[in-house]
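Below is a structure I'd like to ask you about.
In order of appearance the chains are A, B, C and D, and numbering begins at 1 in each one.
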Amino acid sequence: MNEIFTERDLKRLASFANVLWAEDHELPDSVLENLLPETWAFVAFSPPMSTERLRLSSQLKAILEVGGHFPATIDYSECFARGVRVLSCAPGFARQVAEMALSMSLASIRGLVPAHVAFTKGEEEWQGDYPSDFSLFGQDVGFVGFGSIARQLLQLLKPFGCRIRVTDPWLPESIIRAAGCEPVTLDQVMSTSRVIYVLATPAPENLGLISREQIEKMQPGALLVLISRAHLVDFAALVDAADKGKIQAAIDVFPNEPVPPDAVVRNVKNTILSPHRAASIRRERQAIGRMVVDDLEVMAKGLPPSLMQIAQPEIIDRRIGQTASTPAPKHKQ
Amino acid sequence: MNEIFTERDLKRLASFANVLWAEDHELPDSVLENLLPETWAFVAFSPPMSTERLRLSSQLKAILEVGGHFPATIDYSECFARGVRVLSCAPGFARQVAEMALSMSLASIRGLVPAHVAFTKGEEEWQGDYPSDFSLFGQDVGFVGFGSIARQLLQLLKPFGCRIRVTDPWLPESIIRAAGCEPVTLDQVMSTSRVIYVLATPAPENLGLISREQIEKMQPGALLVLISRAHLVDFAALVDAADKGKIQAAIDVFPNEPVPPDAVVRNVKNTILSPHRAASIRRERQAIGRMVVDDLEVMAKGLPPSLMQIAQPEIIDRRIGQTASTPAPKHKQ
Amino acid sequence: MNEIFTERDLKRLASFANVLWAEDHELPDSVLENLLPETWAFVAFSPPMSTERLRLSSQLKAILEVGGHFPATIDYSECFARGVRVLSCAPGFARQVAEMALSMSLASIRGLVPAHVAFTKGEEEWQGDYPSDFSLFGQDVGFVGFGSIARQLLQLLKPFGCRIRVTDPWLPESIIRAAGCEPVTLDQVMSTSRVIYVLATPAPENLGLISREQIEKMQPGALLVLISRAHLVDFAALVDAADKGKIQAAIDVFPNEPVPPDAVVRNVKNTILSPHRAASIRRERQAIGRMVVDDLEVMAKGLPPSLMQIAQPEIIDRRIGQTASTPAPKHKQ
Amino acid sequence: MNEIFTERDLKRLASFANVLWAEDHELPDSVLENLLPETWAFVAFSPPMSTERLRLSSQLKAILEVGGHFPATIDYSECFARGVRVLSCAPGFARQVAEMALSMSLASIRGLVPAHVAFTKGEEEWQGDYPSDFSLFGQDVGFVGFGSIARQLLQLLKPFGCRIRVTDPWLPESIIRAAGCEPVTLDQVMSTSRVIYVLATPAPENLGLISREQIEKMQPGALLVLISRAHLVDFAALVDAADKGKIQAAIDVFPNEPVPPDAVVRNVKNTILSPHRAASIRRERQAIGRMVVDDLEVMAKGLPPSLMQIAQPEIIDRRIGQTASTPAPKHKQ
């Protein structure tokens, strides 16, 4: 609770809503089911909302999840039929995840990690340049996926004057063009970019999308930043290409987390590794709480929510939730 | 030569100028002195232009240096009296140095280096946050110095929505305000910022400006990015404060370079070390050559140079050249 | 048809959809009712979709209106219950309306119209300034309403470095803050701004919101730009204040359109008059067609629309449609 | 005095300088010549600084003009030889002139003037569009000249996403490219642009540069905004093309000012006329005073000026001063 909600936001919440349960431990099923008939909004990490529970919830207007995904614990069809909005706090993580994507790419192309490690060992080269070094200014950049993280990252990249190509089959091209980017195929993203950001939401249709063949299309020394989900990439092929020095990689997400102690990926060269930390800033989590209270506040006034992402039937049909039954792809790390 | 000038730029140069000498090895004194009377522009790393040589150079209109500083090897007074412009390529390095400053600060506040090193050792914490982590979005940022690097860095920081305070005693406040920043004292920069960028040109008047006392004014966990010259900082105090965990540091320049093998700074905690690499990108060096040829081209047409920095008497009087006779401050690293 | 749809867009439409009717004259009721059972998307100016017709439309997924409003000719409750999205092309007009708002404000504060008229009469004053002239740079600006026009206008104002205060009771303050503006009350917008843009959607709750009392709070010589709907303003009080030289006005929308020939407003001083032309650019209308075809194209692929505005129940409940039964307020113009 | 200097700036000036003369009426020659030997800075509208007077001025470091041009009343060669900087306040007018250029172009392409005039006559067309109307968004725009006004205007145009082509023979192409524009020939500017801004400083080499032939290259209905000086344009040809409806024009500067009462230009169609008002905002004039005091203040500290434009010998050789002896071109208006 306190990680997400400031005292100020809790007070504000209490000023317009009757908070029925606000504890850090899980809500017992029987209590939940007692409270549902009088609840108009339900906020939880992965709200367990079965068909039955939704039928109990005659006042319910919205389910607000605070983990950053549309969880598989909700009967979405029933929600849509009943006019219950399902809201995700994912947009609240976009800033820090986009910042992490930029941070990892700059650290990689400017050689910060190897230069620091060499310095601590007394092996630094003064005013030296690495063959892998390049500047982000004016580069060809590719985005795989154009959701809220991509749009935030786009803002951060603006001052670098990059040419940005985007592939996103879920969007009309005009949205990409209106943002000043070029809509292209995945092939074009892979073959023309010096830096590629993998930002797409996982779905059955994009499992292993960035295959070994696609990775082979990358320019020598180009960088792939894997930030949304390992699901999208042939991970073994990625690790292989980086280790052989064909490309650079910056990886925040892995096929199996935690990564096994002896995984190959731990010692791969030309790679920056990050243990799924893109959204991990303690102070920023309170932004999620503020977003939740803000949207509850306007809903309490009879207005639609305007900050959280509203579940759309078509997207729910395509996505994989964090706890979805679809088995995660098996990869040797 | 080839590092700085592309073949295309050399051809372009030859199309409007008669190139008298273009070799990588040093020009022998006697040859130089023979060529000077017919030379209208002299391009070199640290052009050795004594009073006597300037008197030989009756056609000379400009001296162009390609190292990034106004060197102490030139008799500036004689140049000013004769209407010979001295031009520095320093603005040509601003982009990559500003990019490095941003890269080091993001790597530091997002914990990239320790997270990567822990990962390679099997000691990573999944989805973990460090107490030192924070986001750059909306932060209080301070600049010490507001020259070409600071102005470029300002552009890169724009999308983060930071509040930027600047101290620069060499400029009218209105220039700082017009750039959307707040002109303040050094004290205010030190005490109010979460990230401080040290970007000022060294001069006798700013030796050790950021003293131990100033460093003690920093907020707990704030970051100091030392990018222009160690001359400005009480280096021992900086290393001390970072090592004790009071602040974070990101350091690209050191009092004595190369740093001695046993220097304390090599093992200081909470610090990213970089061996003077902010301007070291091979490909970007050709931008310097392009800038030189561009300015020569307009000068050949009877127009003033417009890309390189023109030496101004007042600034020359105050600066310390790279090879200036002023002894470098002695610090224990 | 040809005003909205380019030949290219019509071809594209035909490539993924079976177009059942595409004529400029109105669709006869009987034909419409025959076609509805097999229609998945219905595009029209003010689509007449009663409860009965919706019940006929078992395949219908979306109603797309191309006039720029949510019309009162649709049974929205039935649409929401059936999962039929109602989409408005309003966002497609935001650019040109925002441009008009900026154009009218600049023309007003720089005195373009009186200076031109004086010039044609031989009464111009050379290099003269009017007491009402001011620059937009750095001004205090106020927005009444923060929808798609306001957000577009905000982009156009960015380079002027204005301080922008916004009042919008339908939105959480955090949205306004995240856009770099200041959420305030209407009183504050009225009393602190040099330029006020009236941009809110009309609703019963904001009829005459900008009352005579509010207009009296305006600073001497400040400008009110009336661009969304006259409904929001005590029009007689506005005209009065401008005519007396207390304020400047720029007006694109009027209580009764067309304005009667002898209306007072035709000769009011310190005012720029525009006969509801903010969205009237022939070439830009084809952007509406492109938006419609773009959203139909992604819907045909089983994806949600992403360009047009999706009707939300709460907003529909509050708005006044173009043909709503609520009688327009009576004002003496 | 009071138009340019606020009381606050005058106080500030007195705090670091001994003001020898500060009156609105002209300084008598004998008084001036008495004061010159002890003067280090001389501020005036068109400072009369002959060779003889400069020789009297042994302490003089800078001449600061406040009219916006490098006047022909100064012996520049003598200034350059003595190390006396000549400073122009021209950059202080850039913001309001660029704003005027944008204002006039938007008013023109959105038809504000004819729509307003028709409205006052009861001849308005509701929601009507004129064939000449277009939006600035995404247009092809051309700049003739790329000095301080052009660079400021470029900032104002950024949110419109225009493609901007620039011709400026005095600058290296890389400066134009670095600003995100395309360096082209005058022919290309004239033939590809929907809006052309004439912004160049007059010089003998660009008299009548935009000839009848060049004007004939313009696209039908394109707009020419004449803002810097009529000197650059075949004025009769411009007026002719606008009157015949081939192009639109927006004109702030004229061959002979004041324009004779019976000049043809007064009744030309498709044109917005402005009697040289681009820089005429009373309140903004105090920005000139602030700039002068700011630069004097840093110079008093032994630093170079950083806000005003420093005369460069090559540019002085090419320019025409406001009171230059070169006779103004004769054109029939």
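Here is the rule we use: a contact is a pair of C-beta atoms (placed from the backbone, for glycine too) under 8 Å apart; a residue touches a chain by one contact, two chains touch by 3 or more.
Predicted model, so just to flag it, every value in this text is computed and none were measured.
Engineer: Would you pick out the chains that touch chain C and also touch chain D?
Structural biologist: Looking at chain D and chain C together, no chain touches each of them.
Engineer: Just grab the chain with the largest centre-to-centre distance to chain D, centres being mean Cα coordinates.
Structural biologist: A
Engineer: Counting in whole Å, what is the centre-to-centre distance of chain A and chain C, each centre being its mean C-alpha position?
Structural biologist: Inter-chain centre distance comes to 35 Å.
Engineer: Chain A to chain D: how many Å between their CA centres?
Structural biologist: About 50 Å separates the centre of chain A from that of chain D.
Engineer: With touch defined as at the top, which chains are paired up in contact here?
Structural biologist: A-B, A-C, B-D, C-D
Engineer: Within their complex, state which residues of chain A touch chain B.
Structural biologist: 95-96, 99-100, 102-104, 106-107, 110-113, 115-120, 122, 124-129, 131, 133-137, 155-156, 158-160, 257-259, 261, 266-267, 272-277, 279-284
Engineer: In the complex, go through chain B and note every residue touching chain D.
Structural biologist: Touching chain D: residues 80-81, 83, 170-175, 290-291, 294-295, 297-298, 302-304, 306-307, 312-315, 317 of chain B.
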